[in-house]
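Two complexes follow with subunit A in common, the first pairing it with subunit B and the second with subunit C.
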Partner chain A sequence: MGGYWGTQARDEHTSMHSTQHRSAITMLAPATGLIGVFILLPMLLTIWLSFQSWSTQTGFETATFVGIQNFIDIFASNSVGRDFKAALVNTAIYTVLSVAIILPLSVLLGLLVHQKLAPGGVFLRTVLFSTYMVPMIAVALVFSKLYSPTEGPLNQILGWIGIPPQTWLSSPQTALVSIVLLNVWQQVGYFTVLAVAGLTQIPDSLYEAARIDGANPVQRFFAITLPLLGNTLLFSAVICIINAVQVFEPVALITQGGPVNATNVLTFHIRRVGIERAQGGLGSAMAVTLMLALIVAIAALFAFARSREGKTQ
Partner chain B sequence: MTATTVPAADRRVLARPRHRATPVQALLVLAIIAAAVIAAFPLAWMILTSLKTPQETMQVPPVWLPASPNLDAYAQVSDVVSLGRSFWNSAIIALTTTAAIIVTSLMAGYAFAKYEFRYKEALFGLLIATMFLPPIVTLIPLYRITGYLGLNASLAGVVVPNLANAFGIFLMRQFIKGVPDELIEAARVDGASELRVLFQIVAPAVMPAIAALVLFAFVYHWNSYLWPLTVLQGNAEQYPIVISLSRLLSYNRGAMNTGLVMAGATLAVLPPVLLFVILQRFFVDSVVASGVKG
Partner chain C sequence: MLFRASLGAVGTVAVLLSSTALVQAADVSFLTHWAPDTVAKLEAAAATYTAAHPDTKITVRAVPFGDLLTTLRTSGGGAGGATIAGIYDAWLPDLSKDKLVAPVPDAIAADTKANWPAGVIGAASIGGVLYGIPNEIDVYALNYNKKLFAEAGIAEAPKTWDEFLAAAEKLTDKSKGQQGFGLINSWAAGVLHPFSSLLVSNGGDLVVDGKPTLDSEAAKQTFELYEKLIKSGYSDPAMATADANTTGPFLDSFVSGKTGMIIMANWWESALKAGMGDAFADVATAPIPVGPSGDTARSISYSWMTVVNAKAPADEQAAAWDFLNWLNGPESGPNGASAMGDILMSMGILPSRTSDGVAFADRLSSDPFLKGYTETLANAKPFPVVLGGQEFSESLQKTLEAIQFGQLSAADAQATAQADATEILARNAAK
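On to the complex of A and B.
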């Protein structure tokens, strides 16, 4: 630290650099140290542990190298493998459904917030975004009551418009989708704000020009709005995917992964195996597999976005 | 649909009841109301149910409005779980992590925004990459590490691993970049140390970003569930409100008093939502900054 302007004897340029170097170390030490010890080190340990047989209740020194046995086990056809593969598939379905519902909805709601024709846009943004502040555990509690087949209001409302009562969380066919809907309700406000930010970046002159050319609002949406929202949607999709694989509270609180494994998702399953059953090696192999799946999914998303960009230009 | 951008004169028309709104405007207003009602419905149901009698919460078909709203559920909820204690724990967790995140993020963000040093881009990339890492990936070894440090089953175990985060560093770097170098140079000429420059000159200049980070960090750590549940190892004394809430539900399974659960949920929701209402302007700006400039 200390002002480098005081060190007049030395060449100003070198002095500035060495002082900046020292200051940089001071400024970066707390954050880098904490992130290093509590995120980067555990990340490396997860990879190392995925090749070990290790009980989470013992020290790291008790780990014994087993090669890729953990990965063979979690993809085997016994119960360990079956449960993990079910969790992997459930998480994939959950993630795809979340992205497929949240992204279009966020653009639609974003247009409602952004438009200047009618009042109420900012009010809607506030209401939508406030749901994002609600603890997921409270969301899960409230929705478990809303979804209640007899005492819940959702089946009652469906009844008014002639739709038969749904099983929601209590049947394997509908439980996972019910959790997706709860997730959509909580998160869509955040993605709407992102969509509005993207919409704000599109210059009005483009719309003026299209209108002069006689394009109707639907044509303008597909010719201008959607292509120019590309980067926003890509960013939203990445965040949405990363949020989706973290789904935990509704499963831990309401369904415990059931009925019949229908809502057993990876964050819940990895914690159950790695912490509750203390099978640290197996749990770490699952965590590494999740990480690899995420990297592949996001890389594919970027490749898809780039190929589309190539086509439109 | 006649126009996408409307001059201010047209907007004034809406405020005057004499002029009729166009069908498009009416449709838009209806859509906005419908979206707002759907978004607010679960929270409204939560609050309404917390005011019902136990009989009303079990009625089939459900009753929407309590006949005589009462606060009995709020009075009872503390008998079931130690709510005051849980609130205190949540406050400690959220406030200490938030304060520390502001300081560590300002320091690192300042270095990344205003210094030149070797491996700057590489280090920044490495730290930012952790923003995209789902916490479950590091949960198992982290639990062992906090065990080694003697932090398990204590509030310190909840707090210490969360004193710095990549999003905060990223946000601060984005905003500190916009602080004029002349301002910083002037303070240095006056002999201020770098820490003084940061906290007395730079920090006041990025107050909106700090407000946004306060809200982000507080809400995230008030609501956080997975890590406290893991590191506290069933030590109920140290449970934050969100974990006490989940215990309320298992109690509720026997007693069948939904009102109690909803009263607890309403109380837990209040601090983050109130903070959002106070600071929402800054939060929206920061989401926009992280999305667009990112």
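On to the complex of A and C.
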């Protein structure tokens, strides 16, 4: 009897488990299906295409397998390789500069708008965030005129204080930095709001205790504010890197990658190769390389954050 | 009986409705890079056509020049893309190789071949098959500011490179932020075409029989001319930048009287008029100065054409060809000109149809700006139309910009340009 009831209980348990399993699959299917179709499938397709020779304008059936030739080509010494490597370096410089300027500036501005000593914090926050809401097409149009070497207001203002005209977008030495400054102007408000959100999470009691212990504002910033903003800054850094790597509009609208390819970042270059020249295989190999570089950069950032956490614990 | 009659009536209505639906299915879209005022003229011409052809609906879509090829590549070539597109002849080999453009139907092709110059027909054909109806022809000439010439004591436009350099020197005045000759950067055609015009006016060529010839003596002298313009300070690369709309500091510098000379195509007459207003009267045009290895003033030319999407439904393609045949035909415009010719002339662009040249002869000969171009046209060499033309152009653009910014010497630029062009053209031809 015991065996019978035991077997029946097991069967019921298995049946219930199976039902639950089916329910879970049924409930998860729409979400995972959508992710699979709209995220994983295009990614897998791009990876597959990176090993093919394929004209973007023809069907996938015309793709021919070329092994790792596309990856060899994009790192070769001919014009294909030189242009790709230059675009990779430009993207890296743009990303590093953007993160290095935006994050400290967002914390600084966050402290400014978060303080309660002077009125106007909310107004300042709104003004800062408003730059993030302006469409890039408008920003690009305005900045292309602001940066104009002969007619631009920026050089005219510099002239009033005795600074000679700058080349801004018109020289390979300054063009990429000028695009970075445009990015900083547009994005810093968003990251300031993130910094303010982080600052509001720090208990006032910690500052009071530090004040009682005689800590000055600088000491309080480095001992309390910065360590407790760690998670916010990590999140900000990840978003900032992803945004920077995906830069496209200002380059497409203002510089077209020039002069001398100084602003030819990877997303713009991939469009040029993969779409304008219809070299879909090469473009896909570039996209896969960019994706790998981004994964490595983000993983390194998390590893760095974890090692810092380990040291402080 | 009544039931039968009703059934018959319903059937007749259904047949009529279905045939009407079939006729009304010709929904033709036209992709162009023209400015809004020119688009309005095209829409007006389309409205005239549809008044007589109510079964066809024509819509015009405009994108900036910098986005035209991308738009064609992304959406223009699909079944849902534009039915008609205006394209630059250098793009045709790649577009026809990918079977994105449909051959011109035989009857219209025969008519087109009979009414356009053979050179223009050649630029719109691949392997003897005509793929588009040509419309505009563009040629390059020297544009100069007569007021600045007078201030610098220069009596007439330079005819040789020596005279050109002497004029550039006199026109350069750094205290006024004024340059003698304006180069262009960040725009492939804007960089390449003036260089190519100087090269052919020096007896050279970019490509001969599909092979680059940038290693010639004529090319060497042209690279050296660029180096001299930069090193002498006659050209300031900081005033040379262009944006996606082919405007920007290089245009601003010329329209504001900070640039003495520039080599540009006839189509930018409308941009100059818009930017300069009354000061446009100060602009004059002249043939490209002749280099030490050249025999006569030459220039390069290129053409544009309208093509039809090969993936569009057959009835849409047929309606598109019928509209294009009318638009480019002698019945659609004033005084025996085509409507297309009339639209082009409004922008200062030379129509390529032979009868348009006759219809607009008075305007062409009396327009002092276009005179410099029409004088050059007979000796112009077509810009090479090859597979991989866009990649070739962008590669040479980068090399020429590197000279502009002192990153390459003339000798290194020549060697790089020839090596890159050889590899690019060979790779694309082999695909």
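The rule is short, and it goes like this: the second predicted complex is superposed on the first by the 276 of 313 C-alpha atoms of A that agree within 3 Å, B and C clash if a C-alpha of one lies under 4 Å from a C-alpha of the other, contacts with A are read in each partner's own complex, and residues count from 1 in each chain.
Just so we're on the same page, contacts are C-beta pairs under 8 Å (C-beta built on N, C-alpha and C of every residue); 3 or more make two chains touch, one makes a residue touch a chain.
All values derive from a computational prediction rather than experimental measurement.
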{"item": "Partner chain(s) touched by A:277 [first = subunit B, second = subunit C, both, neither]", "value": "second"}
{"item": "First (subunit B), second (subunit C), both or neither touched by A:150", "value": "both"}
{"item": "Per-residue contact with subunit A, leading partner among subunit C and subunit B", "value": "B"}
{"item": "Contacts of A:31 with subunit B and subunit C, given as first, second, both or neither", "value": "first"}
{"item": "Contacts of A:127 with subunit B and subunit C, given as first, second, both or neither", "value": "first"}
{"item": "Partner chain(s) touched by A:56 [first = subunit B, second = subunit C, both, neither]", "value": "both"}
{"item": "First, second, both or neither for A:138, with subunit B first and subunit C second", "value": "first"}
{"item": "Contacts of A:203 with subunit B and subunit C, given as first, second, both or neither", "value": "neither"}
{"item": "Partner chain in contact with A:253 - subunit B first, subunit C second, else both or neither", "value": "both"}
{"item": "Touched partner set for A:104, first subunit B, second subunit C, both or neither", "value": "neither"}
{"item": "Common interface positions of subunit A, toward subunit B and toward subunit C", "value": "56, 144, 150-151, 252-253, 271, 275"}
{"item": "Interfacial residue positions of subunit B with respect to subunit A in the complex", "value": "1, 3-6, 11, 14, 21, 24-26, 28-29, 31-33, 35-36, 39-40, 42-43, 45-46, 49, 57-62, 64, 103-105, 107-108, 110-111, 115-118, 123, 126-127, 130, 132-145, 148, 160-166, 169, 188-189, 191-195, 198, 219, 222-223, 225-226, 229-230, 242-243, 245-246, 249, 258, 261-262, 265, 268-269, 272-273, 275-277, 280, 283-284, 287-288, 291-292, 294"}
{"item": "Of subunit C, residues touching subunit A in the complex", "value": "66-67, 69-70, 73-74, 77, 94-95, 97-100, 177, 185-187, 237-244, 248-249, 252-253, 256, 258, 388, 390-391, 394-395, 398, 401-402, 404-405, 407, 420, 423-424, 431"}
{"item": "Residue ranges of subunit A touching subunit B (in the complex, touch as defined)", "value": "1-6, 17, 20-21, 23-24, 26-28, 30-32, 34-35, 37-43, 45-46, 49, 56, 59-60, 109, 112, 115-121, 123-131, 133-139, 141-146, 150-153, 156, 159, 185, 189-190, 193-194, 196-198, 200-201, 204, 207, 211, 216-217, 220, 232, 235-236, 238, 242, 245-246, 248-249, 252-253, 266-267, 270-271, 274-275, 280, 283-284, 287-288, 290-291, 294"}
{"item": "Footprint of subunit C on subunit A - complex, ascending", "value": "53, 55-58, 78-79, 83, 144, 148-151, 167, 169-172, 252-261, 271-272, 275-278"}
